[in-house]
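Input: one structure, supplied below.
Chain lettering (A, B, C and D) follows the sequence in which the chains are written, and residue indices restart at 1 in each chain.
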């Protein structure tokens, strides 16, 4: 048909040059990835949002494992023993209930083990620099892991006959099956890390030799020495420190604990000792000089201990251990009352005169704190207890770095793993003579930043534990494996705080069609030729991925 | 009866480059409608804000055939296109007449009513921004009670015309309401309407940041509140019967909707009788009862 | 075939022969018979078209606007108040260059309400950009519709065929209704130049800011001016095809050596011709120039035809209140100021609201202008019912 | 040129009568023009219609002021409307009435004819519509247009029963007039 279109009155719409409205803008939208509160709360800085979204969207467990092990080589382990501070911050908390990140982590870890997944090195070429790692606990192994991935030659010196440190000796099998730990250590070592056991640095090898032979040394000594109470009778037979007791049990020594077992202390070790003793058939009670509120142990552990019918004696403090022919028969305790808070912020316990009484006992386990074994290692300490390190995680000795319980005091496995990772970064920096802020990360997204209208409420995954009467019969793990479908559903509850999950809102809510899908990435991008900066996209973005910024 | 049409459509048939204000609800709605109806569509648009900001020669935003004549005759012009296609044995084609609330409920209502009564196979879409925005926010028959406009400085004293129900009372096969916050629902209704033979009416609440006195980024949220406060019921009427209603499980007080908008500032001035807000709440309560929201 | 039929019937029959695809109209006296007859023709299946019973003239015009924009050949008819109600769309149709054909059964405009004939209604839209053709009798009224479609579609301009209400629409006269083949041979199928069609997405009726509006109007004006040629051409073709004189820009009667020339349009020219013959019998030389194309107004040709005439009287059925005769002012404007030749141009308003114009009235008019020029006079005014205080 | 004016009341078929005469004249090969005195009158109101018949094309558009013939479809109009106005002195007026001529006392020099058209209509058509009878009588008296042409015109306009009834009425009127001529 002819193209006689009267001027101003008819127009061919196929070749119109659009009028650019971008100049009308005073503020512009930007796609900015933000830090989710879970990662923010995780000492190991795991990309939790990353592996949850991967599970939810592509249901790809293998990819999820690789995302998770980018930071943490112990998913199966942490998935069992971590007190999961990540869940504290989860923005779902203000919406319905936080995600069960911990179970997801364990599920991913178990998948990795079952399918013998292997860690990938970040670089193919080997580096000539060598690093010595002292101690094969979570801190040491984490540090070794991250350095090995970067191509450094890493050698671990372990005093014991098997690697794992407190994960092996401190954590009972019903919480962390030994083969799970073994398999995760195994795949770490597969990165080409050399491990020498039964070598105690400072005794079999002097420190200065290591310092000489290696570009850097990492001390992951842990806190292996159980401290005694130093009260009369604490040298009697059947009086153990928590560490001794657990280690003995885990290394398979036969111990006759008799009938009545009294555990002194309120930390995780105390709980572990009590529950192990229970499984050995003891009639166990815990003596703690403050109340439950002040107990440093993980809540879950205290709950499980209570479930397992362990008796808690609060406001009770041992005075002396009653012995008969250097054999424990009881423990004399005094009742305490809490007065105004002390340095630790907890109420200061004060004895009530004349409230003494004897608790009968065949075995007494003293789990009232641990300390570092510095034998042969002369190094600066904090309040004469923990290794002192600077912001670069270096100790008073040049090129000697440290992390884990030995630095932090008693802390969690994931804390130690985080320490190991950051030490690895620091070590690389010192080798490369550079300084980088590895802790730097974009701002954290809080629930007030989200547009929760677009999310549906959903129940949290609830994990079934083995009934008490059965679990007490053995050291079997108390949480049987999870159904992966349930975990994927749980992962679907992730709000993807601070990262686009392609909900289409920005695309559909832009009155100016200024949001396009990038042909290359498939992600949304703004067409600033036309965006008028109204801010609808940012306002309606559920996860706070879009930020409005002033034009300049 | 109707297959699931509940997907999103983004074809940019109403393209970038129009002169609407930032956050314009009408521009948003017009694009959602155009994209839902697809390339095989003719848009007959009434004079008004939409027409002015989207069809300046030589760079209009429409990528589907566009026909504008006057303020009050979009429905009749669309009817003309429809009979022409019939007479010439052309088509099938989607014919969508569209206009603002002024051209729909006031000056153009006669043409609209005639089009309905004659049974043309036309979808009429009303972008309701509840006043004459093109000319600078004067009250229209669709302006709600209590609204402040440049011609009702003290707030409108009369009720909003209920065009959807007036349309339904013409006995046309399909009438629906929608808002821009729920694009899936909106686009589904466009497709549903177009799948039905005869006159159809779709009434879309389309906020005007300028006229309503709110920031451009609140357009969607305000639509949501209009539904959550039951001020604007979202429903479908098929052959005179209500076949779907968007339920409002948690009903919010109308204040939450009113307070966000400058046009209702009067209602909250000190010394204003709270009876005004109560009267508006009554309207919402009426909707709750009428549509069982 | 020659038939003794009512004018409305004749127009309806001929419009049907033009095969419009879409007809939309709203009944109003004296246009009703045309649309009633068309409704019947369509319902009997003699014409395959969509007949739309709209709710108002405004909608009628809007429907044909839409239909024409979609590529249909369209038809509508109205008069008087209906024309005023259409007014907005009438301008829009012209501005959009849509080749719509409309019959105006000329009628007076209220108030006072009056259903009888004069030309006030079509005059109210004379500046809208439509071609306006005035019929002398029912034969020409019928013929002009065939020509109208050809002109409109060749130029993308709307055409209004004006025929006097009642006097023609309701009069039974012999009219030669052509057969379908004759019309088909003369009028090719409509080939639209710009339409709304998803296959070629176009924008029609876009708004034009000050950078474009004036050019659009200029082009429109030039198109109307240029249409004079087409109107003449189509009339000539028509003569060849139907051997009848119909349409064109204007016609003359015994003008050659007339001392007094009457200029007029519409059905009244019939009576004027009778009068001229009677004057001739009495040995008086009076001539006639009957306008067919009032818009475009063929200024040059009229000037050429009348330039040596010294006594011209314009008789019309319309008035620009507060100004005077509308046709008269167009005729006066036809002659450049300060011409050597001394020329009188008198203006008579007649037949407003259907007032009968008798031969005696016409005779009086001619004899008066023979004596003296008349600036403006209402012919047959009943002074006896006008009181001083009314003025 | 012959000019005819028809007077009647709305509903008596005055325009139809004018049309029929014009069509009949056309059939007879003459030029004709018929038009009503347009108005907004409703049923019962006095109305007029006009007919012109000539041997050449008719251009004149004025209302018929000086008719050669008057057809009065309703006698009682004579008391309310100046029906005879302008009637040519040597013209003819045909009136629908059963009154004897001497009772009419019409102030005119023109020829006067009457026929009880309404009665005949009621008898033959069954409705008080006198126009066919009046036209029949008119043709019969004046011979201006042929009866055959009128019959044809009637059958064109009203095919079927209505037409044949009217034709019958037309013929009856013709008989009556012819008889009257015989006795005159």
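Everything that follows uses one rule, which is that a contact is a pair of C-beta atoms (placed from the backbone, for glycine too) under 8 Å apart; a residue touches a chain by one contact, two chains touch by 3 or more.
Values in this document were obtained by computation on a predicted structure and should not be read as measured data.
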| item | value |
| --- | --- |
| Smallest number of contact steps required from chain A to reach chain D | 2 |
| Per Cα centroids, the chain farthest from chain C | A |
| By number of C-beta contact pairs, the top two chains | B-C |
| Innermost chain, taking as reference the mean of every protein Cα atom displayed | B |
| Between chain C and chain D, centroid-to-centroid distance (C-alpha), Å | 35 |
| Rounded Å distance between chain B and chain C, as computed from the means of their C-alpha atoms | 43 |
| Cα-centroid distance, chain A relative to chain B, in whole angstrom | 54 |
| Whole-Å separation of chain centres (CA-atom averages), chain B against chain D | 64 |
| Chain D: positions in contact with at least two other chains | none |
| Sequence positions of chain A contacting 2 or more other chains | 8-9, 11, 13-14 |
| Chain B residues counted as touching two or more neighbouring chains | 56-58, 60, 62-66 |
| Complete list of chain pairs which touch one another | A-B, A-C, B-C, C-D |
| Interface residues, chain C side, partner chain B - complex | 21-22, 24, 48-50, 52-56, 58-59, 62-72, 74, 88-89, 92, 96, 196-198, 201-209, 212 |
| Touching residues on chain C, where the partner in the complex is chain D | 4, 6, 29-30, 115-116, 137, 165-167, 170-174, 267-271, 273-274, 354, 356-359 |
| Of all residues in chain B, those that touch chain A in their complex | 8, 10, 12, 14-25, 27-28, 31-32, 56-66, 180, 183, 209, 215-221, 224 |
| Partner chain C, residues of chain D touching it in the complex | 15, 18-19, 22-23, 25-27, 31-36, 38-40, 58-63, 65 |
| Chain A - residues contacting chain C, complex | 1-2, 4-14 |
